[in-house]
Amino acid sequence: MKQLQLLLLVLVILLLGSVTMAQDEIVVTWWTEDYIDIEQINAALVEPFNAANPGIRLEITPTTELNNTLRTALAAGEAPDILQTPGASFIAEFLRSGLILDLADVADQMGWEEKLLPWAYQSGVIEGGLYSIPLTYESMVLLYNKTVFDENGWAVPTTLAELEAIAEEAVAIGINPLTYGNVGWQPTNEHLVGIYLNNYAGPENVYQALIGEKSWTDPEFAGAIELLRTHIADNGWFGGSLETYFAYGWDEFWAELASGEAAMMMIGTWGFRGANEFFGETGMEWDWAPLPVLSELAGEYNYELATGSTLSVNASSDHPEAVITVLDWIMNNKEVVLNVASGYGYGEFMVPLVYTSDDFPADADPRIVRFFADFAQVTGEGRVGYTTWTFWPADPNVQLWEAVEQVWFGDLGVEDYLAEHQALWDAARESGVTLPIPAR
Amino acid sequence: MTNSAQLAHHPSRNQLLENLGRWAFVLPVLLINLVVVVIPSVVGLGAAFTDWTGYGTPNFIGLENFQRLLSDGVFFKALQNNLLWTALFLTAPIAVGLLGAYLLSSIKTGQMIFRIAYFIPYVIASVVNTQIWRQLLHPRVGIGAWLADYGITFLDFPIFGTRSTALYAVAFVDAWHFWGFLVVIYLAAMSAVDTELYEVARLDGATRLQQFRFVTLPSIRPTLVFSILMIIIWSSTTFDYVYMLTSGGPANSSELMSTYLYINAFNRFDAGYAASIGMMMSIWVGLAVSGFVYLRRRGWEI
Amino acid sequence: MFGQRRTPSMLPAYLILILLMVFSLGPIAVLMINSVKSTAEIGLNPLGLPETVVWENYANAWEEGGFATTMRNSVILTAGTIAGTLVLAGLAAYALARLKLKGAGIITFYFLVGTSVPAQLFIIPLFFIWRELGLVNSHLGLIIIYCGLFSPFATYLLRSYMVALPEEFIEAARIDGASNWHVFQHIILPLSWPGFLTAGLVVGLGVWNEFLFAITFLPGAEYKPIATSLFAFQDRFGRDWGLTNAGSVIMMLPVVILFLLLQRRFIEGLTQGGLKA
């Protein structure tokens, strides 16, 4: 009997002990996309954070179908402390529903504005409050098969005329000038639309339209859409025909570029990973260059701004200070971030901190390092463009990539397409769901 | 005491008990279905009368979503495609399914191999099946291109990327996957047909085709009817294959109500509008099923 | 051998069956071939034979897909759902098929239309209810949901088999004073077991491949079902097709084995002439 009582006593003490221990330690939960390498991120980020911050335990959980799961959890009041969303339009929606915290004061105190790239900080500011931090940033570039270029003595195109010249030569020798496709991700269309808008009409004009000072029906934008239509539908420069664009997905267009069946690709910097993977298999060389400027309206070349996922703080969190500690720690630890990002070819988890080439490890792909360096310099000078998924509200954004298919097939006129687009922008402005546009 | 004696003394009470007794068989299913499907569905469909975005609180807006729907060209294109899809699935897959099941039921050796062979496509996940067929129909290195080397060029084009063929191509892939299911259920039904009936027919000089028409088909009618109803219902909500092969494109040519619902719910933050589309899907199924039942009551031999 | 006498008339049947088999299995052959290729090679050479055979795809897929856990979970879910659904649907199918039930038509309509509401619409309200009942993150909770989802289909499938049963045995039993339950247990059940096997197979397959409800109601990592293993092989844009193909072969094997086991009994029954036994 005595032994039993002793045992019970020990158990009770252990139980109390574990309960109090659990109470001392605050758990910050963060659900992320399920393609994250959980072991790598635990080793590179979670463990160092936990070690440096006793009393707070960070828990990152890869989640299948993150958006849907998050949506259900939010509706049921069971969402994690850190809300990771695929982008800006989600932030506007969350804000409207009162789901996220305003971090402006905290950011002031902790000096976040200086730690992040200026436009990156601004992208989370809505009417004076700070609601999100970008988790990854990227831009749009021209990726090309260097081996094919060298064999044919082509120089990287920087203007429309140069692009067209190369395209015609390519077609003449049986190579597709460009390749791309939207199978598996229909919104891919917006990559091309955005590129042509920014590089034909020019970022200044796009900016004016974004803040409502210009109409999307103006001739510069019509010209951009018309030019894209000519290239993709009339000329069939993407993959050989318009129909091929609709039959190609990630694997197909990479195979084409990497095997020399196509010369160039207009894609985001997330493409660096695909490039290394597919070119590694075929043995050809790749490189990238800024996208060619498609008219004088666009001035010097620019880099479109794009945020991948963003992080926000759940308004119903029990321990917002702990959550903020996590975010602050991340922003103060560049090497940790780069360490995590290196696992993805710097295509994920690239928090837009102020990096220099020296911050990157020696074994980083020099082409990728070159991009980040040039991007920082060029955007620092204010030569920024605007990707549609980062700066467009949901409704006009969807119309932009959905209806353009009919424009390409000739079923919908460019003017009608843009008029509808403007109408949706007007409606979004009225409902107050527009997104922050960093001032030029 | 026998039932008839009981009946004579207390007719109505006995009938009531009888009926309750019968209902006891159905009650468990009804109850579970009520809690798991009906109640949540009513709530979910209720969103059709609001402007709910999927987050936050919904506001009641009455019939606005439905008014919008009635003038929505894309929705009507999707509805049209769904009708076409149903028509496609009610013909070829059923015909080939019956053929396969009938032939299978009449052979003795090799049954196992064939059954597994036909069933495997049905087992494999849609994400894999769609990829296999995208590779097979690849514009540059797929079957079409291979045949073109031998002069057969009719398949040598981007089948999923061409507006006139996109929907049919997706339907074909889904039918390839679905057909095995039909073979399995038809075969199970055919296995229960009294072999004596076949003997009698054979002795009467009936060919195999006639045996099929006059013995097999009538005997498996309930299963056939069941498969028709299931096809009608499933072709209303079918989603995976279209979403993964064409996403409803190009230019809405293969858009279905389910993919249109998806874009509205998840890309446009318009869960209310999506719910109204969902309600249309249920109404369409209700109409189709009612129509079917009505025709049968009127004596149509279907 | 009696087959030799039969061969002439059976040849066209076999020809058609073989053609259908090529149609069904041809693409599967592509799957198998691609399951031992590296992903980049699949992109460059999707339909040819592999240059280098990568058997490690299977081991890697097993590891990365966490199949040990996911398979175990799916077996539990599938077995539980098959058992539950067959019981529920069997009882209901009997009533709808053979007992003259007032209101059967309405039930029919209700079930059929009920299966037509898209899952995305009712999954959130269902999640609320389940959370209140404390049934989230439990195998039982999800099994109940699956039973609710699949029973209408199983009921109608079984009903269609039961309706086709001949009247004689049942009439004979009734005249002897058998109750409904007795008829169900001793006559209907034994006679419609091909239907039960088939319903069990199709429902089981539905659960095996299901993932939307599974990831919503079993969010814990230790509860993931087998369909989510395929998600382990993709990232934001690309998918590792070598691993995915190997993974899908792994996913398919248990079902094929189950099918083999069940169908063996099935075919024995067929050659016996079914009913008379």
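Every chain is named by a letter (A, B and C) in the order it is written, and numbering of its residues begins at 1.
The rule we apply is simple: contacts are C-beta pairs under 8 Å (C-beta built on N, C-alpha and C of every residue); 3 or more make two chains touch, one makes a residue touch a chain.
Small disclaimer: the values here were computed from a predicted structure and weren't measured.
Trainee: Over the chains that touch one another, what is the least number of steps taking subunit A to subunit C?
Mentor: The distance in steps between these two chains is 1.
Trainee: Any idea whether A-B or B-C has more C-beta pairs in contact?
Mentor: Between the two chain pairs, B-C has more contacting C-beta pairs.
Trainee: Just how far, in Å, is the C-alpha centre of subunit B from the one of subunit A?
Mentor: Inter-chain centre distance comes to 39 Å.
Trainee: Just curious, how far off is subunit C from subunit B if you go by their C-alpha centres, in Å?
Mentor: Comparing mean C-alpha positions, subunit C is 15 Å from subunit B.
Trainee: Would you please write down the residue numbers of subunit A that are in contact with two or more other chains?
Mentor: Residue numbers touching two or more other chains: 68, 71, 75, 185, 252.
Trainee: Residues of subunit B that touch two or more other chains: which are they?
Mentor: In subunit B, the residues touching two or more other chains are 138.
Trainee: Identify all positions of subunit C at which a residue touches two or more other chains, and write them in rising order.
Mentor: 42, 123-124, 241
Trainee: Show which residues of subunit A lie in contact with subunit C when the two form their complex.
Mentor: Within the complex, subunit A touches subunit C at residues 33-35, 61, 63-65, 68-69, 71-72, 75-76, 78, 185, 250-252, 254-255, 258-259, 270, 273-274, 277-278, 280-282, 344, 347-348.
Trainee: With touch defined as at the start, can you tell me which subunit A residues reach subunit B in the complex?
Mentor: 67-68, 71, 74-75, 89, 93-94, 96-99, 182-187, 240-249, 252, 256, 261, 394-395, 397-398, 402, 405-406, 408-409, 411
Trainee: Would you pull the subunit C residues touching subunit A in the complex into a rising list?
Mentor: 38-44, 123-124, 127-128, 131, 211-212, 215-216, 219, 221, 224, 228, 231-232, 234-239, 241
Trainee: What part of subunit C is in contact with subunit B in the complex they form?
Mentor: Against subunit B, subunit C makes touches at 3, 10, 13-14, 16-17, 20-21, 23-25, 27-28, 30-31, 34, 42, 45-47, 87-89, 91-92, 94-96, 99-102, 105, 107-118, 120-126, 129, 144-145, 147-149, 151-153, 155-157, 159-161, 163-166, 177, 180, 184, 191-192, 194-195, 197-198, 201-202, 205, 209, 227, 230, 241, 244-245, 248, 251-252, 255-256, 259-260, 263-264, 266-267, 269-271, 273-275.
Trainee: Give every residue of subunit B touching subunit C within the complex, in rising order.
Mentor: Residues of subunit B touching subunit C: 2-3, 19, 21-23, 25-26, 28-30, 32-33, 35-41, 43-45, 47, 96, 99-100, 103-125, 127-129, 131-133, 135-136, 138, 141-143, 146, 176, 179-181, 184-185, 188-189, 191-195, 219-223, 225-226, 229-230, 233, 236-237, 239, 258, 261-262, 265, 274-275, 278, 281-282, 285-286, 289-290, 293.
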